[in-house]
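First subunit A sits with subunit B, and in the next complex the same chain sits with subunit C.
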Partner chain A sequence: MISSTNRQSAMKKAALVLTVLLLGTASCVLAANYVVTGQATATVATALTVTATQELDFPLTFPGQPSTQGITHDDSTGIFTIDGEPGAKIITTFYLPEYMTGPGGDRMTITFGATDCAIDTSNAGTPAAFGDGWNNQNPQDLTAATLGADPVIGSEAPGNNTRIYIGGSIYPSIVQAAGAYTADIVLVVAYAAQ
Partner chain B sequence: MNSKSTTHRSTPWCRQVMILLVTVGLVCLLSGSAVAQDVAVATATATVLGTISVSATANLDFGQVLQGVETATANNTANAAVFDISGETDKGINLVLILPEYLTKTDGSSRMDIIFSATDASVDTTGASSPTTMAAGKGWQNTNPYSLPAAAIIGSGGTSIYLGGSVRPSANQPAGTYEGDIVLTVAYNGS
Partner chain C sequence: MRLTLRIALIVTLSTLFVGMEPGDTQTVSVVNNLEFGDVFPGVPKSIDKAQTGAAEFSVSGNAGDEITVEFILPDYMSTTSGHSMRLVFGSADLAMDSSASPNQSAPLNDDLNPYIVQTYGIGANGLSVWLGGKAVPKLVQQPGNYSADITITITYTGN
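Showing the complex of A and B:
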């Protein structure tokens, strides 16, 4: 007759043998597969930033007298500065206001002509001394189709940038309330397919 | 007292003699039975095929990408991933690619989507190992990396897998280097 102790010992041995067999089987299965790991890599280039460097500032005007600000004034032409990957193509889109808001919510019409914008890619130009790029463009239509090509970020050197100059015209009515008027000019910039 | 002692000693002696006789008899009986049996020996044989070797010889390299601009790398370009497989020529293999859903910035702070289309892989059974020379007739061109051909074999010069894909950086994707693992598992399938 087998004692209880002997029976437990036998069961433990059987379990041990079974475990060894299972491990052996499992290792055989694993050994039949061959695995290798490669990698996908990508580097995101310099982040795109756009800054409103200078406001479009119209000179003092009188009720009923239109006023125009050109794109060649270093101290009053609107200036946007775009930084990013040197030489990368970009897409630029303006969202332009139709009026400015003044005292008591009074509105004053503002318009932008077909030559009220310049895209200076020289990194060295100013409104008064346009460098290189696209001068006298329509700010409402800065598409590649119109420009002939996508604008680019500066020249092929780190730290360079592209500047956009913008002018416009305002039309105060004869009863325009006196005071300061403001409006937002929004420029959206994105990388284009290269 | 003495006679009892003598009797007590003689009993085991008799038993020993009887046990010896019985044992000899059994041995004779068994040896007679063995002579009556017939024995045949068969041989178990098996040939283990050449060990599979698989290596990742080129990464899928998207290079420099721009924020918001989807960028693709084709499987027939020098930037495609290359996996080389060697083993027993003409034997069937199962190929399984485990593909990432995103790449991770090396500092772990950001992710970027990566996608693989149904034509982003090629299986070259000529073992040319060059994505740029892949052509129709050299295996399976522009096949689905999520379901590689079940009839794939190891070619005489090895088999290579070329893999392309696309990354989709967001408009405000942080600049930096991104990586993701592509795992290839290969096993003989018995065919």
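Showing the complex of A and C:
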């Protein structure tokens, strides 16, 4: 014989179990939520550096006597050295002066011809002994369309760099003021789309 | 009273099992990470959702179950030393396919915005999700390995 008190106690326990189960059911349905984490990854290559290794140096020039400096002189051809990720494609652009400035602001014309530049990607090349790359190029147009491909950072150890040689011509007038003349040659280098 | 309680218990357990069924078989996993590979300073690089390197997630579940797909996307990738690189997701960088033969090149649902919660039905072979993006390195971006978390949340709607 079950007493009224015991019956009430059993009902309370059953209600408690039911409540727990109902809450469990609800949580199962509501918690159908799945999370996973993937990754975005990238490896950034070595940054570019450009160094003006050697100035384009014209020999002593006389008024009225044009002078040309080629790209094959180890001691006077202009040299830029580009370091970066070996083998990576680059874009090179020269900003070339039209004259050099001398004493008292006197100007002397400077020009750059269609073969006054070379891009040497070898480790051992010099202006006098061109290695690999693009020789006798127009410094005003070093685009991939003209070169046939984007130039690259040299990948021959231990240098792993590219050197650009540049020459030019100067045209002193017959009344050119005597003295030293200078001008900036600016080379801009950036990575190309690989 | 005992009979009533037993019936109630059976109904409750049935509800419990029926309620758990969709979620019980549902999973989401990472098939591929979003991999940009080599990136060069100053040269943005995009990985299209249809190409190798795109992130791929796989969702499995009961065919016909409705789910929502939500991403938590990073703004930057970073190195262990704390350098950061911008990461951009466009309004059409997401694609999904619940067909029997999911096709990354021509998915059923293409050019979706990954910043918007997508509601979709699971197919017989589950659901494939692809995500592209763009890394934007600075001109002076520090060399090294960069990474960021991409979190996807799949929620069963009960429909």
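Criterion: the second predicted complex is superposed on the first by the 158 of 194 C-alpha atoms of A that agree within 3 Å, B and C clash if a C-alpha of one lies under 4 Å from a C-alpha of the other, contacts with A are read in each partner's own complex, and residues count from 1 in each chain.
Everything that follows uses one rule, which is that a residue touches a chain if its C-beta (ideal position, glycine included) is under 8 Å from a C-beta of that chain, and two chains touch if they have at least 3 such contacts.
The shown structure was predicted, so the numbers you read here are calculated from the model rather than taken from an experiment.
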First, second, both or neither for A:N33, with subunit B first and subunit C second: both
Which of subunit B and subunit C A:A193 touches, first, second, both or neither: both
Broader residue contact with subunit A after superposition on the shared chain, subunit B or subunit C: C
Common interface positions of subunit A, toward subunit B and toward subunit C: 32-48, 85, 88, 190-194
Subunit B-touching residues of subunit A, taken from the complex the two chains share: 32-48, 85, 88, 190-194
Footprint of subunit C on subunit A - complex, ascending: 7, 11, 14, 17-18, 21-22, 24-26, 28-29, 31-48, 85, 88, 190-194
Sites on subunit C touched by subunit A in the complex: 1, 5, 8-9, 12-13, 15-16, 19-20, 22-23, 26-30, 32-43, 45, 55, 57, 59, 74, 77, 85, 87, 133, 135, 137, 139-156, 158
Subunit B to subunit A touching residues, read off their complex: 52-56, 58-69, 71, 81-83, 100, 103, 112, 114, 163, 165, 167, 169, 171-188
